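After this come two complexes, each holding chain A, first together with chain B and then together with chain C.
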Partner chain A sequence: MNIAGMGLVSARGRGVAALEQALEQGWVPPGEVEVKGLASGRLPVYAVSAETLSDKVVLAKARRADRFTRMAVLAASDALQDSGLGASVDKSRLGIIVATALGPHATTFSFLDGILDFGDAAVSPTAFSHSVHNAAASYIAMTLEARGPTLTVTHFHFAFHQALEIARSWLDQGRCDAVLVGTVDELGSVLHHVCGRMTKSAADGRITPFAFSATPETVPGEGRAFFLMTRDPDGAAYGCIKPVGGAVPDGGASLQLLDADGLAKDERAYRAAVIPGMPVAGYAPLFGGLLTGSAFEVAVAALMLKKQRRYACPVRDNPHSISLLSEPLTAPLSAVVCIKLDCSGRAASILLGRSAS
Partner chain B sequence: MQDKEQQLSEIRAKLKELLVSNLNIEGVTPDQIKDDDALFGEGLGLDSLDAVEIVVILQRHFGVEVKDMEKGREIFRSVNTLANYVYETKQGQK
Partner chain C sequence: MAVEKVLITGMGVVSAAGMNVAETLAGFSSGTRNISQTTPSLSPLDYPVFHVSAPLGDPGRFSSRTVHLTFHALDEALADAGLSQDLSGLRVGVCMGTTVASQLNDMDFYTAYRKTGQPPMEPVTGFLKSNLAEAVAFRVKANGPCVTVVNACSSSADAIGVALGWIRNGQCDLVIAGGGDELSRIPICGFSSLSVFSHEPCRPYDRDRQGLNLGEGAGIVILEPESAARRRGSRASLFVGGYDAACDAHHLTAPRPDGSGLEAAIRGSLAEAGIQTQEVGFVNAHGTATRDNDKVEGGVLARVFGTGIKVLSTKGFTGHTLGAAGALEAAFTALALREGWIPASAGFENQDEEIPIGAVRERTTVSARYAVSTSLAFGGNNASLVIGREP
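Take a look at the complex of A and B:
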């Protein structure tokens, strides 16, 4: 399954160029939001700016869309455009899969607040229609005029991994010629509240993916990463994704990316998941902690394969003296594996290769 | 008389704020909406889904219901007609 194009929206901007710039630039301090009830009163976050989301052309048909959907539409549209296949893709055979951990929870809670505050007869119908998880996928389909199958996968930890395997099955079965697969998760007052109480906030704003701490620190983030997947061998601009595994492979790659972003209760299991002798990297400090952050690690891996360039880890605290990618390096790179663990230490890995062989 | 005009003016201002914020009307500020501008069609470009949202706005923020949507066609013509409906209905509730 080949990656023909990518589209990204994050606190570091929009598009592949913004991703590359962030990787070259490295870590930058997060912003802050006020959160009532927290001792500090403030929470560091990597939030997407309103400026990043202002695109009247792509969002012309999305006036009513909430932030969750706007980000999804922009990233999906960019992935199609980045592939250069926009005109040649048969829109009746273009599938869409949105992976999310929490869905449009800000709108969902706004809708519920409406019921509590005003009664069920005076809730906003727009808030209701946008509170369902498939709203973003529907907007993407409408904006891109895609008429293939559309699906939203919701899972707390491995939504993206499942979405990739569904995309692969659609392509294998011949249901689609191309599938837009992406993740969407947003920050909002509810998540600020939850993160402020359930996670340990990184006081200096730095996520440390290689601390492998029993009490990891995080900075919540938000964003979207979409990929145009195809079987077309000419559509492998960013390499290919091999079958997604439920365990860490013991070989086949020359670089491993850890999606350790401090959101898990305990990240010590990542230490055991590190493949011995293989350099390690992790880029969560650039985008913040995201339950669907694996998509950003995959985007970084895909860009590395395309550019044949390894980008230095943005935060290089290395108390366990693992083989860290601490300097950028332009050299042949054939395969990268992205590893994610859930709160129970269960692993999922995504192996990307320069070619399908 | 002056009291009525003042109340209508306040209702119009509040309505304009609510329309812009609740209907996600981009590139338009409340000040730019004229009292007699058409809300639907070639005016602000609102559509039937917005009409339902306006019903909710009136209910939530003014405690006013629009039970007969046939009347809504005239009530929803402009900010002025909306404000008049809100004012008259609230007077009737006293």
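Take a look at the complex of A and C:
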């Protein structure tokens, strides 16, 4: 299936141009938030700015929505806009799939605040209706007037991979002409606390994807990456995505991206997952650690294929002397594989090709 | 080339209507409604609920009640299909629907966070181990695609639709599909705030309906391509013929007044099944008993199938089980085709003049080979499943 358009919202801004700028600029230090209950009292994070979410035109129908949904609506709308297919897509055959690990938890906790502060009989119906995982998909559908199937799926490691395969299934079955598929996960005060206690914070603010550490360090991130997928060979602005595999392919790609973001308790398995002889890159240091961060790696890979440009790794600590992509390079690039491992070392890979499928 | 049938080779259900298929059918036949009231340990709000009161089986390492309910139904479905609990030798997919189990909404954890800033982390680690599909996959050692659908009230109907796609695409030899949800303080508060609860047992499609009751439960179907199922000796006669879904793109909590999204989903599912509307013997409607849902849904069913279509809502026996509803109702639909009867639609007495169809008032014989189960969700998603029976 082909990638016709992309939309992104991250700490580095909104849209494909912001992604490209971040890749050219490289690593920048994260921000910091105050965190209740942590000994340090602070946590480095890559958070999406309020300014990034301030588009009153696109968000007109989502003006009551929370940050989780606003990020989703912007990225999905941008993906459709970026494809240039907005006017030609039959909205009754436009599907939406949202993948998330944790859903709109900040709104869930806001709803719990209502219970604790005002009692069970006096909670906000708005907070409740926005706390369901599929509120974001609903707002995307309303904003884009998309009348095809909408689906929200969750998985703690491979939500995006599963969503991509469902999108492929919908296209293959003729259920949809085009599918907007993407991820969203957000930070919030409780998640800051949970991350502070359950992960090891990178003191210098740098995620090191190639350390393959038994005790990896991370900087939590948030954001959204959306893709407009089609079967139309003319809609392959960013190339295509081959069937998602459980095993790491041993051929076909000339660059591998590792989604090692420090969220796992142990990242040593990534060392064994590296395909020998193939250059390695990883971009989690730009966006932070997200359970659905694979979507950002795929966005980088797609942009590389479109631009025929390899972007240098933003953090290049390389204690294992692997073949790291340390300098930018403009040269032919036909395929890129993105590799993700879960906590038990199971792998999932996404192979992107330059030509239409 | 003809599309291979996707058989339902095993079913498991648990709800207030019964702890298994046999109990549920007995309850449907007698018209028993096992309704109780919320207890203080569940919620300080006083509403009727459909609670599963009998003990559940051993959940292993999982603490979530939704997982317990789901494992209970899973064990029955595996036994019904003649399968062991170790499916590691097959390409097995797991697609489950839920709502409550997808949220980190532990009140004790959050209360401690607010008060002390140092909450115990066990609720978080427990939550991170309890993604419903991942839990089911862990229990049966499944190694195929695995995902939890969180589409509010259509979650598990959509999960069956996703599973159907996996089998038709050749990704799996077998898929465990369904859903589960527990009664919880959070949705009780939420639905109460939306003023959609009834203070009496719910009356789907009735003129005097006042709203819904919440319930809990789980429903599981085992889906297999016909050729593979027959090779291992299955004599299953029920199948999922078609599925479709469409979004209202209208409102976060209210259905589109013209019902066009639901109509598109139903017509799409019939087309996928390759059947005409007159081949459908009955519809197991979403039928929540809210004013809006039943009015919109009833209008669509009359428009698609005609006013003579037999309609029931099994929510009169189970309450609204949210993420479990679609799978439970798909299983009930399949059972009705197999047994040749549908129960009286519990709570229905008087037809609403605003709805061109009514629900069945008595146990009714059905001889058709096909039936439809509909699901409407928060967020505007509509799902329709066509269930079939071989002659």
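Going forward, the second predicted complex is superposed on the first by the 355 of 357 C-alpha atoms of A that agree within 3 Å, B and C clash if a C-alpha of one lies under 4 Å from a C-alpha of the other, contacts with A are read in each partner's own complex, and residues count from 1 in each chain.
As a convention for this text, contacts are C-beta pairs under 8 Å (C-beta built on N, C-alpha and C of every residue); 3 or more make two chains touch, one makes a residue touch a chain.
Predicted model, so just to flag it, every value in this text is computed and none were measured.
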| item | value |
| --- | --- |
| Chain C versus chain B on the shared chain A, clash or fit after superposition | fit |
| Which of chain B and chain C A:S138 touches, first, second, both or neither | second |
| Partner chain(s) touched by A:Q162 [first = chain B, second = chain C, both, neither] | second |
| Chain B versus chain C, judged by how many residues of chain A each one touches | C |
| Partner chain in contact with A:H193 - chain B first, chain C second, else both or neither | second |
| Partner chain in contact with A:A121 - chain B first, chain C second, else both or neither | both |
| Contacts of A:P149 with chain B and chain C, given as first, second, both or neither | second |
| Touched partner set for A:K56, first chain B, second chain C, both or neither | first |
| Partner chain in contact with A:H130 - chain B first, chain C second, else both or neither | second |
| After the two structures are overlaid on chain A, angle v-u-w for chain B, chain A, chain C in degrees (C-alpha centres, nearest 10) | 70 |
| Overlay on chain A, chain C to chain B nearest C-alpha distance, Å | 8 |
| Shared chain A contacts, counted only where both chain B and chain C touch the same residue | 121, 123-125 |
| Chain A - residues contacting chain C, complex | 36-37, 91-92, 96, 100, 102-103, 105, 108-109, 111-116, 119-121, 123-125, 128-135, 137-139, 141-142, 144-156, 158-159, 162-163, 165-166, 169-170, 172-173, 175, 190, 193-194, 197-198, 246 |
| Touching residues on chain B, where the partner in the complex is chain A | 22-27, 49, 52-53, 56, 59-60 |
| Residues of chain C touching chain A in the complex | 43-45, 99, 102-105, 107, 110-111, 113-114, 116-119, 121, 124-125, 128, 131, 133-134, 143, 145-152, 158, 162, 165-166, 168-169, 171, 185-186, 188-195, 244-253, 260-261, 264, 268, 377-381 |
| Interface residues, chain A side, partner chain B - complex | 56, 63-64, 117-118, 121-126 |
